[in-house]
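You will see chain A twice below: alongside chain B first, and alongside chain C after that.
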Partner chain A sequence: MTEKQATTRGETAGPTEPAPSGRDEVPDGGADVARVAAAASPLTVLGRAAGTIWSVPKARVGLILLAVFVLTAIFAPLLAPYAPTDNSFGRAEGGSAAHPLGTTTAGEDVLSQLIYGSRVSVLVGLVAGFGATLIAVLLGMSWGYTRGFAADVINFFVNLFLVIPGLPLMIVLAAYLQGGGLSMIIFVVVITGWAWGARVLRSQTQSLRSRDFITAAQFSGESSFRVVFREILPNMTSLITGSFFGAATAAILAESGLSFLGLGNTAMVSWGSMLFWAQNSNAILTGQWVLLFAPGLCIALLATSLTLINFGVDGLSNPRLREGKGR
Partner chain B sequence: MTLLDVDDVSIVYEPRGAEPVTAVRGATFSLEQGEFVGLVGESGSGKSTLGFALTGLAKAPARISSGRIAFDGTDIAHLDGEDLRRQRRGGFAMVLQSGMNALNPVRTIANHFADIFAAHEHVPRGRRRERAVELVEKVELPASVLDRYPGELSGGMRQRVAIALAMSLDPRLLVFDEPTTALDVLVQRAVMDTIIELQREENFTAILVSHDLGVVLESTARVLVMHDGVIVEDGPSARILTDPQDDYTRMLLSHYADPRAEVVELPGLRVAGSQISTTGEPPAEPATDAAPSGRAGTRTGRTRAAVVLDGVSKVYPPPRRGEDPVTAVDDVSFTIEPGDALALVGASGSGKSTIAKLITGVERPTAGTVRLGDTDVGSLRRAGLRRLRRDVQMVFQDPYSALNPLHSVEYTLMRPVVNFGGLRGREARRRMLELLEIVGLTPVEQFAAKLPHQLSGGQRQRVVIARALACDPQVIIADEPVSMLDVSLRAGVLALIEDLREQWGVSLLFITHDLLSARVVTDKILVLNRGRVVERGETAQVLRFPEDDYTVELLDAVPQPGRAAD
Partner chain C sequence: MRYLLRKIGLLLLTLWAAVTLNFFLPRMMPGSPTDAAIAKLAQNGPVSPATRAAIEAQLGVPTGNIWDQYVAYLGNVLTLDFGISYTFFPQSVSELVLTALPWTLVMVGVVTIVAFVLGTLLGVLAAWKRGTFLDSLPTLTGTFTSAFPYFWTALLLLFFLGYVLQWFPTSGAYSPRATPNLSPEFIADAAYHAVLPAVTILITSLGGWILGMRNTMINTLGDDYVTFAEANGLKPRAVALKYAARNAILPNLTGFGLALGGVVGGSLLVERVFAYPGVGYLLYNAVTNQDFPLMQALFLMITVSVLVANFIVDVLYGYLDPRTRR
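Moving on, here comes the complex of A and B:
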């Protein structure tokens, strides 16, 4: 129960929030005991979180999809029939037993490129998503907790990044840092992607800040740092997880976009660069629609899988959303 | 004529991924047309769940698992959405606890009525305005409220509007779910009077769901008492007052007393005149005497200091441009000598919480000085404030929000011990366990490992008190420490506070609107009205022989089951 004040106690006392019985005794219910035993170790907490996400059908589909992509990325060398840059095959061939998805105009195997390309997307998604979330958490929470001058300064920077249109900034940055490869792309995506998360986390921090238990922590002599990271942060798990998946989705799309525009390293095999080369060689005109369709579909599916997982994240720290249907 | 017939109804909660819980078990009763019945129980007793089910509002994960609710002959337990909607006109309606927040802030009150009339089309278009005026006048509001927005009305007015809205479909059964709980004490009374009046005039059947047996006995003719999902008592109010059959009802009744009486007795607490004595152990709250005796005085041997407020005023800037600045506290002076207990009473908006903020240094006074011993609290900066918190601690009103739901009791209590006590490791832990023992949460090891949601309200409040004691403060400010607790838990927490003050010599500033609890734990009292002190003196003296009208008004607002019999 993160956001509803306990002032609604008089209402239906659902079992998720065991209401005190008439006498002063521990509320009964075996489920509660189990829940607490679970809270003891961080590993079981993680397991329980995964369980919560898994219990939502949409999120389950998302998890399976994501797992497929991650496994593909990890085991790419085993799965791919050829090396992605091997251009010793016939050019622009259609699908055949040797090349199920055909070959590119440069004579590379499309399926192998697709499999290797997942590495870039998954890596950029996870790393840039993590980076953007980290900045969002640090800035958003300190912004939400402090008052006065420091908050105004952060406010200025966040608004600045919110106002600047993302894609043009990305293009400018990427063009300026030409040739930096993957790390450059991650950097650009992180720089342009953290501001919304910071804004969301800030407003939640502000609402938690006025709770009694925060005042109580201050009265216990806690430093601001501890109040923010030990008292407030754990209450925002679902928001932070949600913003991580959101940022990862945005990062995957941004990476593909940049590569498609030819602003990344065009020699590196990624779904975006596949699209770039396909576009360059007028693949649609030559009837090789698979060249555009396959990487496009993969990008869409990976982004969709993360978005689907986000449906399950809602239930993480809000028990009411876990109760499901018929609300 | 029997209007509502409830036959052996059970309701279960079936949350996903958890054990189902039975909230109501075999409820059986029937209501005659025009009856006014109270449904009383403490939190978790299933009273609201039953109330929701009666009006067809039970929703997942709650489910009516067995039994029959017959309203005027039709079984409403298994009606579908559209049939239910049509039933609402001339059928049943509900007024919620937070009904005043159920109004849409961007639409005028008239719009709310128009929506209902349009949905059911039972009032001809031309007569709608007229009918709306009629309805708001029934709840004693002027017709002009119709053109105002919810935000422009006070809480009491909004709750009246909610009642008028519920009335607009000419219901034959109205369920009031804690209709006054969220309101200010004085407003509560006025709204309750309106409800009683209305019921008498319109002669609809009404069910008043409430946790407060006092309020219910005062207003209804028949009372159902619920405990753990079972209706344990069903009878006329007068009989329940004089001759309760069930132990639970008897226990509830024992927690009411008149603060004006010469001798005030609650389970575990007895106050006569101005002498206070704690008699034995309260039945519901064991082990309050666990504190090591003979330890009066602060542990660290610091000198004791008095809290002195001298001509203190606090003016807030105007809420909107063009309005006048808000004077929350106006020229208030008082002193709390070491070991004294002072009650600060008043309705909401009287400035009592602002005074607490001034003493804790959260706010600075606009005029006058707040001092703790030699320290001028108003001029402290960050480091000074941190030092001040060693000496001034708070007990919060709502034990449900005062503990971080994710931290164990041990963590919560260890923090002040480590921060202020300078203790580390095993010593700190020993002190933490000692604190749990002081507040009577034994066995201590077991309680230390618990998370807040495993504790009842009374136990949570004990943890909050233990945390306040952790740094061995000189002054404890208790801001309505029992108002969120069930009646039966209050006496235990009050006894604990009283006990701690005597044993440890802590000064106490007890902020409350509940004069009964003020009478029980404090020696001196200060009555505030709109930021000004209107009456002060010995608690017993002031409450027994009040001089100011405002004090009398507050005293009248205390629910007393006995008054119904007069």
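Moving on, here comes the complex of A and C:
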């Protein structure tokens, strides 16, 4: 699944490459960076970034969808009519006023499960997406900056993780770590999901490495660490944000797949485990199509929202790619 | 030739790394198959050390230092000896894998090629007619369908086309009464059973190809030689297919190798839904029964297949685009 996302993501790498705009070529010294960073508080920066993404119509739809899911996850106890594990209702009922989406074979309210299920997907998406991106940034950027033998070793290592099929590896890892629950799933998803981001970030770092402003920073005596993470990193905001959303999408799909196979904690209510129980209790035979349809649709919508947001991230570090503004 | 040799060398190195990973993976993990078996037994009462030794002997738990184990393991892999399956005792793991492999290879192979060709064509069309209905429809549908979980598409098709409309068989790879052979009747029966799993994979993987091809094609359309061809008054169709698409397809081919891993992973979930007797369903059975030898052999088999497919694409790429050979 990671690879599937990857094919669409990788192509956006081309146009994202920052054009040598005037600002880039100013050899910012360390003091300059510090002053700029101090002037804008993190919150303002975040707000401005959201505004940039918001200006792209596709991404706007994605942001709204994502907000709906995140709010549902946060306020699940207020929104859900019943507790998700309350099985005191009639078994396998159809839709009614009391249970708009019916009940499961075990007698739980489907709507409540759906609402609480958003918590797992949103959490896994955010945490695993962040974890995978962190590894991708650390490894990808130092790999792109260094030359010689170390780079070759990382190259081999990343390519190996890139071609090893993700889901089978996840299944095998999850089988060995049985009973680990959510943290195990997040761990497995991070381990298998960072390679693509690392590769994309590495090629961008390589192309920035030889720019004038980097040479200037090196001559002014900055440490390699500082050059990579204070000079190069800010220019890659789009790519990093992009790989975060890509990794989060892959993580959500992977979690649902593992839960569907019953490899997570099947007692925990998630969209994947709802489908696991639906299949195992033969919801297909009892004709409860809502039970099959609703959780999968939520997974698909949440994943789509992240993909849509990704259409808007290109403008983050390259003002020329912002829509609605002439060149 | 030098290019090919270098690629073969890299393939061998990657294969060795995958095999080694497969060796260390279970050894790095907490717990052991013996512990799992004893935990099950312990529910009925205390387990004596003698029982433990007997279980270890039965499961073929490796002894000796790790280096000896590794050498023995490499030997076993080279001779395709993966031991005996716990679940399907007394069948050997290799036997089980070899019966399951053709089903997945043929089904996934055919669908992937169909999806690649179809998706690439739609992507060319979308890029050429960009901004029109022919662009937005495949692009938006592709974005949405590629976010579908494989198993969800499978469940929906199974429910609506299998149970409600009863157009297609709901499980298995051939009718229960048939025995696998190469007669036309059996092949038709098997193809009929493969329709739903195949369509599932097609729906879910098509979007990625459309979007990928559209992106590279749009970049190519901006190139000078395309403008030049247009200025020369060539027919638009010739410019689109013979000039732009021909060059845009190359980067997409690399995606083909990488996406293969994703499709293989997705097919595992699809096979589980349709009880399709391929590698994925076998892996699912191995995992649910804690059949570690079978699980490891399957993981290795899947990884090696994807590595080899990537190698073929890589070599092909080098011949299609001599610039990459250097």
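FYI, the second predicted complex is superposed on the first by the 280 of 327 C-alpha atoms of A that agree within 3 Å, B and C clash if a C-alpha of one lies under 4 Å from a C-alpha of the other, contacts with A are read in each partner's own complex, and residues count from 1 in each chain.
We adopt the following convention: contacts are C-beta pairs under 8 Å (C-beta built on N, C-alpha and C of every residue); 3 or more make two chains touch, one makes a residue touch a chain.
Only a predicted model underlies this, so the values are computations on that prediction, with no experimental measurement involved.
Using the contact criterion defined above for the overlaid structures, shared-chain residue A:55 touches chain B, although it does not reach chain C. Look at A:217: by the touch rule set out above, it reaches chain B but stays clear of chain C. In the superposition on chain A, A:172 makes contact with chain C only, while chain B stays out of contact range.
In the superposed model, A:235 lies in contact with chain B only, and not with chain C. Overlap of the chain B and chain C interfaces on chain A comprises residues 1-2, 5-8, 10-12, 14-15. Only residues 13, 15-19, 21, 23, 41-46, 48-49, 52, 59-62, 97-98, 177-178, 181-182, 211, 227-228, 248, 284-285, 360, 386, 389-390, 393-394, 396-398, 400-407, 412, 415-416, 419-420, 450-451, 453-459, 464, 467-468, 470-471, 484, 486, 488-489, 492 of chain B touch chain A when the two sit together in their complex. Chain A meets chain C in the complex at residues 1-8, 10-12, 14-15, 156, 159-160, 162-169, 171-178, 249, 253, 256-257, 260-263, 272, 275, 278-279, 284-285, 287, 289, 292-293, 295-297, 299-301, 303-304, 307-308.
Residues of chain A that touch chain B in their complex: 1-2, 5-27, 29-33, 36, 39, 55, 211-213, 215-222, 231, 234-235, 322-327.
Listed in rising order, the residues of chain C touching chain A in the complex are 13-14, 17-18, 21, 25-26, 29-31, 143-144, 146-153, 155-156, 158-160, 163, 205, 207-209, 211-212, 215-216, 219, 251-252, 255, 257-266, 268-269, 272-273, 283-284, 287-288, 290, 295-296, 298-299, 302-303, 306-307, 310.
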